[in-house]
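First subunit A sits with subunit B, and in the next complex the same chain sits with subunit C.
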Partner chain A sequence: MILIAERINAGFKDIAEALRERAKGPVQEWARRQTAQGADYLDLNIGAVSKEPSDMRWLVEVVQEAVSTPICVDSTRVPVLEAGLDVGDGRPFLINSTTADPGKLEQVVPLAAEHGAGLIGVAMDQRGSPQDVDRRVENAAQIFAVATDAGLAPEQIFLDPVLMPVRHMQEQGPNVLEAITQYIMLSDPPPHISVGLSNIRSGTSEKKLITSTFVAMAMARGLDAAICDVMDDVLLNVVATAELILNKEIYSDAYLRAFRMKRGSS
Partner chain B sequence: MTIPEAKRAWSGQINTVTIGAGPEEGGTRSSVVTVGGATALPFYHFEGVLPHPPVVAMEVWDVQPEGWPDVVKAPFSSVMDDPAAWARVCVDEHGAQLIALRLQGCDPGGADKGPQEAVKAVRAVLEAVGVPLIVWGCGTVDKDNDVFPAVAEVLAGENCLLGTITEDNYKTLTALGTAYGHKIVAESPVDINIAKQVNILALDAGYPMENLVMYPSTGALGYGIEYVYSIMERSRIAALQGDKAMAMPILCDLGTQVWKAKEARASEEELPGWGAVEARGPMWEAATAYTYLLAGADMLIMRHPDAVGATQRAIARLMANGGGS
Partner chain C sequence: MILIAERINAGFKDIAEALRERAKGPVQEWARRQTAQGADYLDLNIGAVSKEPSDMRWLVEVVQEAVSTPICVDSTRVPVLEAGLDVGDGRPFLINSTTADPGKLEQVVPLAAEHGAGLIGVAMDQRGSPQDVDRRVENAAQIFAVATDAGLAPEQIFLDPVLMPVRHMQEQGPNVLEAITQYIMLSDPPPHISVGLSNIRSGTSEKKLITSTFVAMAMARGLDAAICDVMDDVLLNVVATAELILNKEIYSDAYLRAFRMKRGSS
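And now, the complex of A and B:
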């Protein structure tokens, strides 16, 4: 499971403040803490408060100074993504994200190809979020086709079936799971499949339980990446257990410890 | 039609483990042995690097062995009452790369020797040969825990390989390994899950997993070899896929198992048509060794000189010219 750590996001007060004041402390602290938890990528998001490419540039540089963990630049704005990629120090990068909107694809896919970065493709289009399985598959297939045409390998492509809050859009849960099943049939080897995990729990009373239960169900369908709260130990334990049940890891009584050890965390 | 590229790239690497220490490292060994470091399956030179060939240790006991058939006693008949002389024959005449000294004499059900007698045997073998040592307990937990403190201490600085720790008994030996700078054998009973568990327990006891050699138990050809083979294979694949708790070099202890098999020990009179036991016995041990090499063995403890020679020649062939010849 590829864990993309979500905490360095200006949607959080401490990060927004740090960004505004160019204070490295909180950013680097979260970079270290999430790395210590075993994050595969650190998602960096300058949030709705900023449109400034220079903010992303600063964020990438500050994180690169603190840890060697791969970085996921996260923005809806192409110049912001580009600014982050431009200062990359050669470590793996992931772009979050493109949609199936042709205008968007046209700009973001070449960026991934040029920088040799991975690309998250969210199965939305110019009409908005998908409400059924067919639209999710259609949009993902479109993203996949454009990305592979541009020379991206299936392993570079992360398809996101668009997870929605279970509280408000319960009917979308089965659609997301069914879309995952169809995504893994797109190619051999299949593309990665990723979700923004925290979306599902928004507004609920049992946030950790809902997140973890979804992860276990989705992993059984083929989910292998998530933007998530890596500080959530319940989530990590469920991921470790699901990997075991899917026979991706060798069982030992200390498998939870083994899971963390494998990720270089304590 | 083009043939599809079937090579695999692996993300993991087997740990590199060195046994023995020369004068510069604080020991007295004239040669040291390094195993592991592989980034590919055994002898798949085209998929990665295999920097260190597997090695063969020869087994020496601190008492006259019981239960060894004549065919494997014959090459050592004049020295079996003297571990130092026996070890010298193994190294000088038969090319042993390490000596595996089994402290069988400490077995409470046998000679029941004490720690000081064990130390005497260890010291004698250490002085007799220049190759690195493996020192293996008698297998009775309490006795081993009683004997090893003195043995580990007298070997301080020699960077030996001590065995074994198990799921139920790992604290004493890991502490000694840390205190006196020795590598350790992690044993499991033909059970991959316990194999992984023992490695993690060693780490939890403060012993670095990079200093472990994994011993998944060994079955002789015809006696469970396929179970061990598949465990070794699966362990190795997991390690190459990045499972650090399985990334240890693997040791096989052949002698104890092979020479129990009737195919290796029964005379031609008992098994008409099977050929002379003098050839058949060593062949049984060599065939078992060869099989384990293909499964990923990095270190083999063996008994018969003919089997040792055949195995070393096989290793040389499998490693030569990037394995292409």
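And now, the complex of A and C:
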């Protein structure tokens, strides 16, 4: 399971403040903590308010100073993504994200190809979020086709079926699971499949239980990546256990500890 | 999710003793406790040692005295199953189990048809436990064919893909999940799919975590029944959450309480 740590996001007050004041401390602290928890990538997001490429440039540089963990630049704005990629020090990068909107695809896919970065493709399009399985599959297939035409390998492509809050859009749960099953049939080897995991628990009373139950269910269908709260130990224990059941990790009585040791403790 | 409560089994010391001494107390106490937890069926098993049809007859009568919960008679011996069914008071019964062994099928299937009972069909055969997906599917299809020929409806048939301990037979986890996917394609409406859930955790250090993670994964593939420990609140909470995600129950902030109230509190 590829864990993309969500916490360095200016949607959180401490990160917004650090960004505004150019205070490295909180950013580097979260970089270290999430790395120690076993993050495979650190997602960096300057928030909905800022449009400043220089904000992303600063975030990437500050994180690169602190840890060697791969980075996921996260923005809806192409110049912001580009600014982050431009200061990359050679470690692996992931771009979060493109949609199937042709105008978006034609800007973001070349950026990934040029920088050798992985790419998250969210199964939305110019009409907005998908409400059924078919549109999730059409949009993802479109992203996959454009990305592979541009030279990206299947394992550089992360397809996201658009997870929605169980509280408000409960009927979309089965659609997301079914879309995952169809995504893994797109190629051999299959692309990665990723979700913004915290979306599902939005506004609910049982956040950890809902998140961890969903991740087990989605892993049983083929999910192998998630943007998520890596500080959530319930989630990490369920991920470790699901990998065991899928025969991707070896059982030992200390498998939970082994999972952590293998991943982190940097 | 159909929960078949496993605790009235002479493999447990208190039940073995109660059976030997014809002491109703412990049996009726477990019947009430498991019913209150929301059991859909109470599994009754006289243990590996006893071969006495009169033991099963006594168990069924004693349980029927205490609760109105449906009963699942559980034995490898046909006369034992028959003794339990014969004293049934008209409530729904389930038979646990037949295998795909022709000698077994030809004895147990008519018993189910004659008593109007549901039937658990375990995907084993005269050669033993299946080690791959194909044999799991062949055996289940064979059971399904014989049972429907005898007049059982798909919804009276519970196919069991043979869950094995993750500690010793880890490679069988993905095979069980894949078999479930194939079982739901056997008919429309599909048969029920059931496992002996506690098998997976045998000998492990993280029993509740492994059991509940597996059940979420299997429910995402189509599992809708399990013989299990209904006293395990972690398990019940995950089952309730998985039903939410599958859009089979409606979200409310009190959905865990609603799940319990709907099922039990007798």
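Here is the rule we use: the second predicted complex is superposed on the first by the 265 of 266 C-alpha atoms of A that agree within 3 Å, B and C clash if a C-alpha of one lies under 4 Å from a C-alpha of the other, contacts with A are read in each partner's own complex, and residues count from 1 in each chain.
Definition applied: a contact is a pair of C-beta atoms (placed from the backbone, for glycine too) under 8 Å apart; a residue touches a chain by one contact, two chains touch by 3 or more.
What you see is a predicted model, and the numbers here were worked out from it, not measured in a lab.
When the two structures are aligned on the shared chain, A:220 is found in touch with subunit C, with no touch to subunit B.
In the superposition on chain A, A:138 makes contact with neither subunit B nor subunit C.
Put subunit B and subunit C next to each other and count what each touches on subunit A; the higher total goes to C.
When the two structures are aligned on the shared chain, A:256 is found in touch with subunit C, with no touch to subunit B. Contacts of A:29 after superposition: neither subunit B nor subunit C is touched.
In the superposition on chain A, contact is made by A:167 with subunit C only, not with subunit B. In the three-chain superposition model, subunit A touches both subunit B and subunit C at residues 250-251, 253-254.
Across the complex, subunit B is touched by residues 249-254, 257-258, 261-262 of subunit A.
Within the complex formed with subunit A, the subunit C residues making contact are 166-167, 170-171, 173-174, 177, 200, 204-206, 209-210, 213-214, 216-221, 237-238, 241-242, 244-247, 250-251, 253-256.
Across the interface of their complex, subunit A is touched by residues 192-197, 200-201, 203-204, 234-235, 238, 242-246 of subunit B.
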